[in-house]
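Notes to accompany the following structure.
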Amino acid sequence: MLEESAKAAWEYGRQFLMDGKVADYIPELGKANPVYLGLCIKTTDGKTVEYGDVEQRFTMQSISKVVSLSVALQHVGFDKVFSKVMMEPSGDAFNSILKLDTASSRPYNPLINAGAIEVVSLLAPQFSFEQILDFTKELCMDDEITLNESVYHSEERTGDRNRSIAYLLKSKDVLEGDPLAACDLYFRLCSMNVNARSLAGMGLVLANGGVSPATGERLLSAQVVRTVKTLMFTCGMYDGSGEFAVEVGLPAKSGVGGGIMSCVENQMGIGTYGPSLDEKGNSIGGGNTLKYLSRALHLHMFDSEND
Amino acid sequence: MLEESAKAAWEYGRQFLMDGKVADYIPELGKANPVYLGLCIKTTDGKTVEYGDVEQRFTMQSISKVVSLSVALQHVGFDKVFSKVMMEPSGDAFNSILKLDTASSRPYNPLINAGAIEVVSLLAPQFSFEQILDFTKELCMDDEITLNESVYHSEERTGDRNRSIAYLLKSKDVLEGDPLAACDLYFRLCSMNVNARSLAGMGLVLANGGVSPATGERLLSAQVVRTVKTLMFTCGMYDGSGEFAVEVGLPAKSGVGGGIMSCVENQMGIGTYGPSLDEKGNSIGGGNTLKYLSRALHLHMFDSEND
Amino acid sequence: MLEESAKAAWEYGRQFLMDGKVADYIPELGKANPVYLGLCIKTTDGKTVEYGDVEQRFTMQSISKVVSLSVALQHVGFDKVFSKVMMEPSGDAFNSILKLDTASSRPYNPLINAGAIEVVSLLAPQFSFEQILDFTKELCMDDEITLNESVYHSEERTGDRNRSIAYLLKSKDVLEGDPLAACDLYFRLCSMNVNARSLAGMGLVLANGGVSPATGERLLSAQVVRTVKTLMFTCGMYDGSGEFAVEVGLPAKSGVGGGIMSCVENQMGIGTYGPSLDEKGNSIGGGNTLKYLSRALHLHMFDSEND
Amino acid sequence: MLEESAKAAWEYGRQFLMDGKVADYIPELGKANPVYLGLCIKTTDGKTVEYGDVEQRFTMQSISKVVSLSVALQHVGFDKVFSKVMMEPSGDAFNSILKLDTASSRPYNPLINAGAIEVVSLLAPQFSFEQILDFTKELCMDDEITLNESVYHSEERTGDRNRSIAYLLKSKDVLEGDPLAACDLYFRLCSMNVNARSLAGMGLVLANGGVSPATGERLLSAQVVRTVKTLMFTCGMYDGSGEFAVEVGLPAKSGVGGGIMSCVENQMGIGTYGPSLDEKGNSIGGGNTLKYLSRALHLHMFDSEND
């Protein structure tokens, strides 16, 4: 059943690849091959189901916002983090400056650029990039995650909008420490090289309430995981979050590198990779794969028994 | 267990009543008594648990947006409705005009004023107010819902911002028909007199996937109910929706009349009434009652078994 | 000298007619012939110089904002008018709602739609359309100005954005009286049928400090005229006002009907007609005619003797 | 006549000093004494009239935007400058980011921070600070202008909003070169120490069409001077520019250090110093002095002979 649905979902998703296009605002990302599509599902009872390009590496991009938020909530604490960033969907583009200068000096949520840069600035004094990378490996159950140097340098070269955001946060006394240092760590985190399998691993830990099914070790507290999944549900898919919630009904976080990391409560983690993006910046193949899967297996959070 | 938790939740909620204040932007609403707090829970297996002021009547206000959306999805259809209004959280105030004139000519979602007025304009040619009132009675399992004439007239006298929104939608060819007629129906729907028990009834139907547990009759299709609950989860509590999702983790819709209607998948409908509002416009007593209840009974959508 | 420069200016202006296009957001305006170009200059020492289509009638549109502002300052008074509308250039489109809902509940100035509708609402209780029409005839030294019924009805049919603005002003207690009545008077004023000669007449009265050179009668006080000319200089040419001030350096007011009314201190009134508009909504032929004229005759307000 | 009016104007202006307050967003500025008021007038026929604190030094702040714009127009050229910055009043606060991210990637005009930083970035590759300082000395006919080191360092420490603007301009490919280097030069230019007499000198050169009456030397071309004066008229007094144009009717540029530099065509340059500011950020004493002077001597650009 799971295997069949997964295969059908992957085949369904592939049909949309030509309708999207690869991100090119960071030149290095423009080199990705739009025909890739990988799907990996890892279940809490130990099964792994995979189709397509699941070993292909790509950079986490915005999915790393889930990592940095998780680490910050776990180690810096809820009170500090949410005194610096709100929990509200913003209704604006991921890289918007607008609300920051009109509605609230705190970024709307930790999954837009402004919020993530703020969160990363809270990590910078306590954690090196290598330490967060190590934690990411654990979370993804993948020892081979590395820094993609060429994407990192491409981010650096084209990161002026993020630097502008960081300085604006600094000018409002929201960001502490050096704005450029926060940006540098942020660029590195965006440039971690994962694959669909790593993302399925990370989704699995979230599905499992923060405990690694591999080792039985608790990596994140239940409260951190609940918070992160809620924010993924309301804000994880850029300005397409509301529609994704209605259509698919699962917590998910996408990155412009082409990845989507998702999870189903107590059941499974899901990772997809497809660098062809829709106009909202979400993987068009991955998003449609998840949509099919959600319907086929009745995974929508608001599917009733009476359906 | 349910009774005890419900009682403790209600007692917890009461402590916050003095921290909020009654809505007064519509003069008639300003007459409400801020010390009221009522909690009604109706379960799918037929139990009713109630504390406090559950028979006290008040106007639905924004909770009627769930009614009009449900009717429109059911009878006008998904395609038409979502060609006129988006599904995205807006990040702006409920009565904002901003995005409408800058970001998109379609309102961001059907639970902010602009979106609800648009939805109501789609109903106006097909349904009289009385017909929608009758359907609301069924949905709430409450025969005694009436139009509160004095609130309706107060809405009419102070409704110029909504008229401005309606004309703006008209100028963009999004709203069809007469803007003032749409506003009139909208004001009437906001002025339906319910109580906490009616809201629990409505929540119960939603929890039960659209089927009335009282009659076994399907009032709304599964797809309508899933959509409505998802939008309640992402956009139901004004600009406090994100925080409510993180803290409480249930679909809910509030109204400035003091009501909150919520539901727990396959388990229960919940109605609260407390006209003392927090600074986001949500019932401060009702919201805190739901927060307590969610924690005590582990109702949060993203509570894992591993908690 | 004046004749020669005027002729050369008109010939210069004609070259640009094909680069613009006729306004079509009000259907009736779309019928204008883009090849028309008329220039009329009336000097304080009694000379009239004319080229091209100076008798061709067209509707005043936004130029009527100068009329309504003048009447309001003269008869309602500075204090009342400027308690309702500011004097600042807005930097936004003429029909913007944005600032009204974010920056200030008073419109930024009386020459954008919101400000003009507000000003007209102050006139509505005291003056009939016919009375303002009569005053316009005097100001323009033109007895044949009438209401263009078909444009007026076209305005009415397409005026929902202005109605939205009027209701928004009403909701903020800035506009007094009936928003729809204010809009109706506003639409009528926009629909007064003038020609380039009438506009030169009006400009002449302004150039002459408010005294009609024809009759020697003072039509407007010196303070009203000074204020109106200043606002024309800073805000008269839509979002092209700043560039027009730099390039031409004269008070001027344009209308999407194709007219521009301008004046040179103590020297002359200038009227142009050319319905082909640039992308800012200003007559492309008229604007370039004025630019040439300003350079040829050194009319720029900030031309020094040392040039 | 001039002496008497000037004295009366200065006495009039002094009455308002206690209604304003000294700028404190840059800590070093907060040390200024709010009771200072100086007025210096220099006429094209060689007269100097002075009252009050005309030798007191203070930093130019935004008045330096006129210097950098003049140098850029003269040496970088109109085409390059106006391909990078518009000529329109913005209607927003001087340090706004809003329009930059929504309406146009080019700043609205060279007299708001974004525009001035852009202009300074065009100067940075060609001119050292010392060279621009030398030119400022000539323009102001004041050899003793120096860099105020403590204000410069205070600017540097609190300049994150300007850095945010610079990086945003960089991200939009509008700013060329290093954003932080542009900001550094901008901070230095803001920190040039002038007095009311220097500003009167600068105003005199502008009044005189760009030719120094002291030396007979042309410092700026007629076209540069005309452009600069026009922009001062439409945008020189922050968000109070429109009202100042109506009330005073002269080109003027204010700085939060307390200075205002103004001029009357072919007649005089005017400098005022009064660090007590109104709520728009303009010197309250200086502004009222200019208002009185304009009325007493009929200096308003749109005063007709028929007044």
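By written order: A, B, C and D. Residues from 1 in each chain.
The definition used in the following text is that a residue touches a chain if its C-beta (ideal position, glycine included) is under 8 Å from a C-beta of that chain, and two chains touch if they have at least 3 such contacts.
A quick note: this is a predicted structure, and the numbers were derived from the prediction, not measured.
Undergrad: How many angstrom between the C-alpha centroids of subunit D and subunit A?
TA: Spacing between the chain centres: roughly 48 Å.
Undergrad: So how far apart, in whole Å, are subunit A and subunit C when each is placed at the average of its C-alpha atoms?
TA: Averaging C-alpha atoms per chain gives centres 54 Å apart.
Undergrad: Find every residue in subunit D that makes contact with two or more other chains and list them.
TA: Within subunit D, residues 102 contact more than one other chain.
Undergrad: Can you tell me, using the touch rule above, whether these chains form a line, ring, star, complete graph or other shape?
TA: Contact pattern: a closed ring, each chain touching exactly two others.
Undergrad: Per the touch rule above, enumerate the chain pairs that touch, sorted by label.
TA: Every pair of chains in contact is listed here: A-B, A-D, B-C, C-D.
Undergrad: Using the touch rule from the top, collect the residues of subunit A that touch subunit B in their complex.
TA: The contact residues of subunit A facing subunit B are 86-92, 99, 103, 108-109, 207-211, 222, 225-227, 229-231, 233-235, 239-243, 245-246, 249, 251, 265-266, 300-307.
Undergrad: In the complex, go through subunit D and note every residue touching subunit A.
TA: 96-98, 101-102, 160-161, 163-168, 170-171, 179
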